[in-house]
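By written order: A, B and C. Residues from 1 in each chain.
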Amino acid sequence: MAETTAQKKNAHSITLKEVSKFYGDFLGVNRISLNIEPGIIGLVGPNGAGKSTLMNLIAGLITPTRGSITVNGVTSAQPETFYQHLGYCSQYDSFPAGIKGYDFVLNTLLVHGYKQKIAEQLTEQTLEQVSLTEAAFKPVDSYSKGMRQRIKLAQSICHQPNVLILDEPLNGLDPMARAQVIELFREFANAGKIVLISSQILHEVDLISDRVILLNSGYLVAEGDLSQIQSETGEPMKIFIRSNDASQIASKAFDLSHVVEVQLHYDNKGLFIRSSNADAFFLDLNRLVIQENWTIESMGAADETIEALYQNLIIEQRVAS
Amino acid sequence: MAIFLKAYKGYEGPLSPSFNRTFVIFRYALADVMKTRFFTAFFVLSLLLPLGLMCFLYFYHNIELLSQLHLSQYEMPVIDGSFFAVFVQQPQNALLFFMILVLGPTMISPDLRNNAMPLYLSRPITASTYILGKGLVLLTLGSIISWLPTILLFFVQSYLAGDGWMSQHWYIPFASMMTCLLWITSLSLVAFTVSAFVKWKALARGMFFGVLFISSLFGKVIENIFGGNIGDLINIESGLTVLISAFYRTTSELLGSIPDMETSHAFMQFVVIGIIALLILMHRIKSFQRVS
Amino acid sequence: MKNTAAEPINQPAHMQGSALWFRQLSAALRIELGKCLFTKRALLSYILALMPVLLFVMTAIGTAYGWVNGITSAEQARHIYGDVFSTLILGGVIFLGSAAVFTSLFRGEILDRSMHYYILTPVRREILVVAKYLAGLSACIILFGLSTLLSFFAMYIAFGTDQLISDLSSGIALSHTGLYLGIVLLACMGYGSVFIATGLLFRNPFIPIIAIAAWEALHFILPPSLKIFSVIYYLKGLLPIPLDEGALAVIVAPPPVWVSVCGMLALSAVTVSGSIFLLKRLQVHYSGE
């Protein structure tokens, strides 16, 4: 118990309290309150939802019109402490004119205050992490989109931050590099760090995120782990069942009042069920399985994905409005 | 084989003539310029000068009104080449300079910054079409605020003065047109050349101003040290004063000290500056035609 | 790609306080000095710095071949140098050069959209501004100081090394070059501090630069109470060859040397403090740049 308290005390966190950002009359984000804890957190929302604004606010590049933001209890007004353990890979695809990849990372570390030798050692290590050792001494201007993305990533992780904010970090990366970068994020998260990632590629966010934050038109739409959000949406839950008795299950399922839709798979060995009360459905299913002696091979929620959430919370709301 | 049926086939129809494409660039560049409220305000305000001068000409020839105001034509400046050079041409030069300073760098720098140059040149548009299209904007707007109103003023004055004033001062429209066109063309080319190397229009404006400021200062220093008119050849302002004095047939003190330079040298100064600027500009723009 | 995020890199214990500040300051200073001297951006400053050298090499050649009338002695040449220094070097080269170097320290990075890399480092904003200011100052002093020295000595080409050695040993050449270099230093300090703030304060610093240029050019007709707000007022008293301000000038006795030096130091302190204030409030979103 004592260990857990100590762990909690040392845990990293990003706290936003009633944060709003307006650019004149234009709304960036409005009244966002969040407490982000270690793990990989996916920041999802359509274009113009306020994802980059939120990331820039957390990174201290812009200041909120209202509200407050702290990272590990410190605000960006104290840059010496604030940025020591924060890394930000921004959306801006621009670099100091004429700089080489190696110097780009090295200069960052030198300005951080690292000694020359240690900075050089860290630079080499980081460039190796992002597979840019060979291109290190070429000008960044000559890099491909993927290489530029990787050098930006290297610059944001070179000082081993505990809080890593990444705005569309997978853009321009080939499938192999994507997998490796995702693995790198996973290792950061496993080390107890916060990795906040925004991306438009929903299935990738789905694959890597422990939790998600959904934004739409500057407002926070949902936050938490996927199943929790899904159950809170009140939308009928879609459940996939694989069984040799699929057609019998389908016929019995229609008798249950909370089942709103049943789809039988073409091979008659699987079915999708949509239920407005998932808990009641699972209880009823258990009862029926024992009663009818059915064999269930596998079963799970079919719409615990960000795409489904996105569909439910953003697209359908837009259509409705 | 369906894929081959859908294969890309280039357009084989007739193309519009080359000069038409110049006007496409001109039209869009002009629309961009007229979008800015600041320029529209400046443009309207700059037309107040000929309007004011037209009112002045009307009062000048209205003997009744003058006598009511206890004034006479003899107390006012004589309307001749000197009047047009000092009260029309000189303020117009300043207006043109300001217009080119504001607009010149905005013509090419944004295309450079947004990587639009290769897109322009990948179409059937050549470097010269591009420069001509952009240049025509400054030439058109510059003409509207400078020599075109001067010609109008000239006809108003001729009508009001009568008695062969027009035949005695026939050189004024020619002087105005020549001076303004030389000033607009050379300044525009220098502004374009500077801005073709700088992505940011603020920086391009600064560099354009710096080039003229430092060349004028350098010219004056050389003139002080070496004497003669070597310094004047570097200073574009000296050339302009010489041309105004020659074209308007005036040595009015209000023009300031007129440099001791041949008119042909002053004319050549503008031509040489224009050609050098144009060569550098063409070289720079053509470099975007290469695929890198 | 090697994934070693979980393995802690041998991260050094960070220094604290002044030792860390000094290391950060020297790192930022070195990086910025490199940008001021060895990038494409520096080309304009090099061209400006070369102009007086070229002019005096031409003058010396002209004098030697008799193309330039009126320069018959080294003393006359020094007078001409004095005139050129106060007009071309001080009013043109140093003013425009400082404007180009110092304005681009912050505005250039904002235009290049690379300002956020500095903002995201754990550096006190005071250190960042001071480092950039010192880098700009060092670059200007190196370029324009060297230009002043080279053009001064180029003047002696026409009079031979004997004349140069004689003037150096008599102290006149050394005192003149010392004063000119001092003026270069103070001018770069004064103009530089104003332009670094201008680059942070204005999205388009071009108009304020023209306004400052006009103010400095017209300082001679300003009433004494306004003259104290121009940089040139503090510098003209240091000129070894007094500046001829023309018939229209409102003549005021130049300030003593200590006032000139303290005035420029005070101006630098105030404007650099202002720049720190502006940087702390800077919002990096690059929209409309």
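One rule holds for everything that comes next: a residue touches a chain if its C-beta (ideal position, glycine included) is under 8 Å from a C-beta of that chain, and two chains touch if they have at least 3 such contacts.
Every value quoted in this text rests on a predicted model; they were computed, and no experiment measured them.
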Review point. Chain with the smallest distance from its CA centroid to the overall CA centroid?
Key: C
Review point. Which chain is most remote from subunit B in terms of Cα centres?
Key: A
Review point. If you average the Cα atoms of subunit A and of subunit C to get two centres, how far apart are those centres in Å?
Key: 49
Review point. Using mean CA coordinates as chain centres, what's the subunit A-subunit B distance in Å?
Key: 57
Exercise for review: Please compute the C-alpha centroid of subunit B, do the same for subunit C, then give the distance between them in whole Å.
Suggested key: 34
**Study point:** Residue numbers of subunit A (touch at least two other chains)
**Key:** none
Practice item. In the complex, go through subunit C and note every residue touching subunit B. Key: 44, 48, 51, 55, 59, 62, 67-71, 80, 83-84, 87-88, 91-93, 96, 99-100, 103-104, 107, 111, 203-206, 209-210, 213
Check your understanding: For the complex, which residues does subunit A have touching subunit C?
Key -> 23, 56, 59-63, 77, 79-84, 86-88, 90, 92, 94-98, 107-108, 110-115, 118, 121-122, 125, 128-131, 155, 157, 159-160, 177, 180-181, 183-185, 187-188, 190-191
**Study point:** Residues of subunit B that touch subunit C when the two form their complex
**Key:** 199-200, 202-203, 205-207, 209-210, 213-214, 217-218, 220-222, 224-227
**Study point:** subunit A contact footprint on subunit C (complex, rising order)
**Key:** 1-6, 8-12, 14-15, 20, 23-24, 27-28, 30-31, 35, 39-41, 109, 112-114, 116-125, 280-281, 283-287
